[in-house]
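In the two complexes that follow, chain A is the common piece, with chain B as its partner first and chain C second.
Let's turn to the complex of A and B:
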């Protein structure tokens, strides 16, 4: 039995580019509800997040669309039972979708990671050893205390990094989602909503930042469809 | 698709390795197949127990640092938490769950644990 796979939501008036194929080479088509349309293809079963060809096909379709119109990208793996379910989704979220399409018009998402330099993720200064021998229970609690201390130390440094990013980048972006991490690899991950015309200034701001960051190195990817900035979370089945 | 690296000031191999690790962050959903629903439920229950365990452990550490517990109490707490941790590890093995699986993605709030 066939189900309907969703790629993106857009305005009907933009139509579809010719010869754009989706997952498994299936033809893309529009399912309409008033002025809104969902870009869909038929699929036999929901793809798994580990199926690389399917992920690439999804992303390629969304990015091709994004080049010529504003789209709301749908999360990979979203499948609805039939066209009626798609139309009802569009009708149900009509206002939110239309607002998002206006808000995101002309914008792309850029991803940023600040990774601790291999020599930068130095542990918190060690405390003098507690006199041993400790009993098993005490030794366990002491170990946990050290781990939590280390996490807090990393988090405090990640907070400082995210504040520097905020000060330098916020004037250049429409919106930002910044997450501080507590692991030894990554200090901060962030998604930025940037107008296409501002990508160049964003990139040069990163150049300025990397000159002052000694603890982290930066990796910026994109432009991506604005996955992190769509306000509606519509769950497939 | 074009290259998606817009800017980097680091060693590209190291960055790639860090990204590979992030693969584990892809959202996993509780599979609602009848055969898998039991495992999904166990995962959810163990996640909540793990949350409580970590909260209690932190609370205990705060109280130790504040000096409000006697040596004997600290000893008892330590042993209790140690046993809880070991028991949790056993349960994870029994149900075939990895440490990172016992977590929930709370969207904008980050991860539960």
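Let's turn to the complex of A and C:
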């Protein structure tokens, strides 16, 4: 009994590259509904997400497609019972898919992480000593207060960094999803929607920023399929 | 080490050619030597001085996207969202450090569905 595994949504007119394989080496094919097509392969059972090869096979298939057309990447592990279910899905989300394919055409996603350098996540300046001795309860609360204070401190500095990133990168990107962190490793994680032609300028802007930032190092990944910028979520929001 | 073949397609991108890997390959992919991650994931480190860090970040970025983002469909599907989220957490823990990966290779039960 075979089920249908979904990789991506694209326009029918782009077709498929020859001999493109997916999970377990299964051949990819298109299931179409009007002008929209889902890229699928047959699968015997839902892939085991503990196995990196299945994840990479999914990603590589989508990235291969991404090189020659706009695709909406589908989240890993999406399995439908049969082709009819796939066509019904395409019909149900037709407007959202078509809008996204137009909006994301010619764009890729770039990932960015600003990681605190070893001395970057230095603790907040010490407060004047609280009178001792403290009771156990008071000591606990005092400890909690210090942790929260440190988090606030990190968040404030992450905010400053995200503002600098925004000022420098905003003109170069179509859209951005930026998350400030409050942990000792990561200051900011971000995803940027960038036109293919702007990838070079984006990277060079990051290079300039790197020279400015002494407390974080910037790591840029991608180009990825536009995972963070598709609008179709579980309940059709 | 890896049986997961990778080849350059005409446009310079890597293409998968249907390989399979033995269980535990996630940990081995994180080990030293030529790994899947190196072959397939791209990071441009701007001022990073630690290649192992770059590799982990690249894998984390992939997992963050492929397991948490993209077109998400629910309904009459056989997709088990809960399991994916659970394993996602496991994978993240695993990728957090290579040292941790070594520990988890020794105790694969951490991936078990009953663990939270």
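Please note the rule applied: the second predicted complex is superposed on the first by the 231 of 237 C-alpha atoms of A that agree within 3 Å, B and C clash if a C-alpha of one lies under 4 Å from a C-alpha of the other, contacts with A are read in each partner's own complex, and residues count from 1 in each chain.
FYI, a contact is a pair of C-beta atoms (placed from the backbone, for glycine too) under 8 Å apart; a residue touches a chain by one contact, two chains touch by 3 or more.
From a predicted model like this one, the values you see are computed outputs, not experimental measurements.
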Partner chain(s) touched by A:89 [first = chain B, second = chain C, both, neither]: second
Partner chain in contact with A:72 - chain B first, chain C second, else both or neither: second
Contacts of A:61 with chain B and chain C, given as first, second, both or neither: second
Partner chain(s) touched by A:220 [first = chain B, second = chain C, both, neither]: both
Contacts of A:135 with chain B and chain C, given as first, second, both or neither: first
Partner chain(s) touched by A:179 [first = chain B, second = chain C, both, neither]: first
Touching partner for A:162 - first (chain B), second (chain C), both, neither: neither
Comparison of chain B and chain C by chain A residues contacted: C
Partner chain in contact with A:148 - chain B first, chain C second, else both or neither: first
Which superposed partner A:206 touches (first chain B, second chain C, both, neither): both
Footprint overlap on chain A, where chain B in one structure and chain C in the other make contact: 49, 56, 59-60, 63, 113, 115, 203, 206-207, 210, 217-224, 233
Footprint of chain A on chain B - complex, ascending: 1, 4-11, 14-15, 18-19, 21-22, 26-28, 57-58, 60-61, 64, 74-82, 85, 107-108, 110
Of all residues in chain A, those that touch chain C in their complex: 3, 6, 9, 20-22, 24-26, 46, 49-53, 55-61, 63-64, 67-68, 72-81, 85, 89, 109, 111, 113, 115, 189, 191, 203, 206-207, 210, 217-225, 227-228, 230, 232-235
Touching residues (chain side chain A, partner chain B) in the complex: 49, 56, 59-60, 63, 110, 113, 115, 117-118, 135-141, 144-145, 148, 177, 179, 185-186, 199, 202-203, 206-207, 210, 217-224, 233
Contact set on chain C toward chain A in their complex: 4, 9, 11, 13-21, 23, 25-26, 29, 36, 40-48, 53-54, 57-58, 61-74, 76-80, 83-84, 87-88, 90-91, 111
